[in-house]
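Structures incoming, each one as structure tokens.
Each of the next two complexes has chain A plus one other chain: chain B in the first, chain C in the second.
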Partner chain A sequence: MKTIGKIALGIIAAIGGFLDIGDLVFNTQAGATFRFDLLWAVVLGTIGIAVYAEMCGRVAAVSGRPVFDVIRMRLGFSTGLVALVASTFVNLLTVGAELGGLALILELLFDTTYSMFVILAFFLLIVIVAGLPFGGLERLFGYGGLLLFVFVATAIHQEPDWTAVGNGFIPSIKWDPTYLYFVVGVFSAALMPYEVHFYSSGAIEERWTKRNLKENRLNAMFGYGIGGILACALIVVSGQLFHPLGVDPTDLGTVALPAQDAFGETGLLLALGGMLFAIGGATIDSSFAGAYNVAQFLGWEWGRYRGPRKAPRFTIAWLLFLALGVVLAESGINPVDITEYSVVFSVVALPFTYLPLILIARDRTFMGEHANGRLASVLGWGYFAVIIVLAIAAIPLLLATNGGGG
Partner chain B sequence: MSLRSGEEIRLGYRLLDEQIIDVDGKRCGRVDDLELRHDPPRVTAILVGVGLYPRRVPRRLRGLVRRLVGPETWGENALRIPWEEVDRIDAAVRLKGKAEELGLGNGDDPDRWMVRRLPWN
Partner chain C sequence: MPLPRARLLTGAATALVAAALATGCGDLSRGELQRGVQSLSALAAQGRLLADGVARDRTKKTYARVMSRTLGAAAQHEAEKLADATPASDAQRERDRAVDLAGELSELYGRLQTFAGDEHVGREVGAGMRRVQAKADALDESLGARP
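What follows is the complex of A and B.
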């Protein structure tokens, strides 16, 4: 019974940690622009992250290898280095976007300027990492992120045309560049690779073994699955409120407005609070993911569980990721724009990390009886095909639509 | 999976690029290259260090990488770990001795990085 409770708590934390600034920005804009039409892309992305995370967690638990260990082993130094550089670039953009988003929300809640809050958020996050063990970090931000369920309540409260909502889950392709750009954005925001890389290294931090395989599967199915409901709710509330009004939600504060519209100031505070935890957690996850990747590729000692004294280069690496995020957030570029770039480029970089992972996950030399079965193979390769198509389409669509702006 | 002496493995598949861990469980580099000698060839040492990175990239990038990591200097940025020091190979290359005694993992010496006083040690 004890383990069931522990597994449930882990899943709840994963649900709360599902959303980050990418989903908040892209899904709200997708709802405002195309009403419910892109709900299917959320489902596609959510199943995608569940498939990828399940594989990474299983590889970590069975073979003891996190993602960039696998990448160096399977791609070798030279090609692996391309994957490392691409992932590091995307991680930097993401840390900058999340830190900027954090400051934007603090600015809305309190009465100081954005630029001050970037610095404040930087120090606050370091204090939190210093004060909490690895599991505590995941739970603090995961549970806090549950406040975002206010968007599910908002969706129900709005009483939308549920048939129209249901139709949104039926995949449909329109040959309109803006629509296709949002397909890429919504999918990619759900399947941000840093989340999976963090999850995989987290499995090593928490000393997972084969005994955690069930927990891994449940996490992927329910943690990400229910998290996907939150991502859908963002589209529904925005499609219901902003689409008829023709509002173009270009700033982060607008994301929270549907909750205020439904539940007044309480709704607004719940939404902003949930966003604060979700984006705060994502800032830590993405900066850690950046440091994990570099340390694993180069063979350094790494891990929050080792502490700075035993893993000094890893510690300095994640502090450096955060510090460079500050520079990016203070550069004067709107965090919402940085978010769009980080989401779009992340799907471009994704095949480099996804392919070696699937090659190890199917390899009985490393995985024994826990190698990919038939279902994992079909899903794994199916998603590889989807990712390749989107990775190729992403940059042309970004350019053709001027970042979705038309 | 664990290997015993006398077993055959595919070097590029199973040994090159593998994580190295010392007797205390400390991660201390990766197998950046291998030394093969004798006829038929056998692995006589694993080679570790950033100085070996230029060997691992395409020819036209070698100059650039060498400028970043410095020229290959044995005992400094390129280390030779005799095969006799390897205890076993499982999810990593496990060494019989401590990293410091072999010159490995110096980059993670806390005194080089002023991290001793960070509050979350």
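What follows is the complex of A and C.
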């Protein structure tokens, strides 16, 4: 029972981080456009984030150093600063997109102006973070996000052609720019770096040691595995309902339509509720990840457990991230568009943080007996190669397809 | 050599302004028009699902209302974009039909937004959305048939 409770850290990172506005948008659009053909890209991304998170959690537990501490140590100040700037830019876009997404969901539930809900969401998140301990935040958003299982129930209810669904898990490449753009999008949405930065810092917040390594592995497998199942369900329900009708889901509210189609108002409310918790959790994760990165890189006192008095610059940085997210969400740009940019740019920035981590994780002088074994090395470097290819292809594909619009 | 440089700059600026103005007027090719028509078909398809939810009393009123407002605005925007553009000479008639369809779509969404809890209106709007989608698909096909 205690072990199950401890897996909560992985679950919040998975539901509130893995399944964020980026996953909701990209997977639904991928299903509507290519039916089940991109399910394999979700699996690829899910294994990728599990590998990355396991390494980050292991390094944090063994050395007590989170990601950006390691980056500065390994890359030095100047090169490390490039990684920090790139990550901070992507984090800001993500916070803006998530806050905007939160406001859109609240608008769908209560029909009051979007702008007002952005401000309300900002203050609500501050109150929740101020009032709840780290574990409480995990439980609130992680378990609330489980409402998204309504999409798994919807997929079963729709009775799709399961052979066709199964075929979607077989990797296939089509030399169609839109298809390739969605491969990048679905993979990157699964492997958003802020999720792992939050996870690694969370491990230190929870004072992990070598004794937590088993828990770390379970979190990475089960937490992100659950996120992967939900992401697959989004593709299946969208491929089953939207693809034959020719729906192009460009609005966040459309994501909930399949649940309504299957289970009526109850399904709709479960879907919107799940999205609210998942996006709310992701807003907290991404804003915290931004503050963690800056504080760790610059050597400030940091940590939710220290409180605002003992870590004032960290607390100000977190509030600043949220406030800049409000500015972005209120800028008039559709949160779905901000999401697409944040997802695509995240894979471009990813090698800067992934490489130093894998170098540290394999370093026996630093990690001792807990350095990468053969499997972790093969997976780690294999994913590094995939990330490099996608990072190079991402921006040309974004431009060539007009953001997937063709 | 200040004068030639100034002329060069003026020339470049004029060309840029001309290009911007030309873009603003919108030279609408058949391909671009076809993409616009496909967007209308997609919007009508979403409208069908939304209206079906209202017709069967299987949705939440605020959700149906906000979605109708958002998608109706998208249809209106598409209508304005198509109306402002200058179509290729062989696409004038199709452009006008597309603008009419976008207007029809916008009206249907407007009705659904106003009567988001009315099952009868939901049924009527659902049927209207199906008609608009069928017309948009036919128009899409005719645009694709001719190079």
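The rule is simple: the second predicted complex is superposed on the first by the 388 of 406 C-alpha atoms of A that agree within 3 Å, B and C clash if a C-alpha of one lies under 4 Å from a C-alpha of the other, contacts with A are read in each partner's own complex, and residues count from 1 in each chain.
Basically, a residue touches a chain if its C-beta (ideal position, glycine included) is under 8 Å from a C-beta of that chain, and two chains touch if they have at least 3 such contacts.
Computed from a predicted model, the values in this text were never measured in an experiment.
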Which superposed partner A:Glu107 touches (first chain B, second chain C, both, neither): second
Partner chain in contact with A:Asp251 - chain B first, chain C second, else both or neither: second
First (chain B), second (chain C), both or neither touched by A:Leu272: second
Touched partner set for A:Leu24, first chain B, second chain C, both or neither: neither
Partner chain in contact with A:Gly264 - chain B first, chain C second, else both or neither: second
Which superposed partner A:Arg313 touches (first chain B, second chain C, both, neither): first
Interface residues, chain C side, partner chain A - complex: 35, 38-39, 41-43, 45-46, 48-50, 52-53, 56, 58-60, 62-63, 65-67, 70-71, 74, 133, 137
Touching residues on chain A, where the partner in the complex is chain B: 63-65, 69, 72-73, 76-78, 80-81, 129-131, 296, 298-302, 307-313, 315-316, 365-366, 368
Residues of chain B touching chain A in the complex: 1, 12, 14, 16-20, 26-30, 32, 48, 50, 53, 56-58, 91-92, 105, 107-110, 112-113, 115-116, 118-121
Residues of chain A touching chain C in the complex: 107-111, 241-242, 245-251, 253-254, 256-257, 260-261, 264-265, 268-269, 272, 406
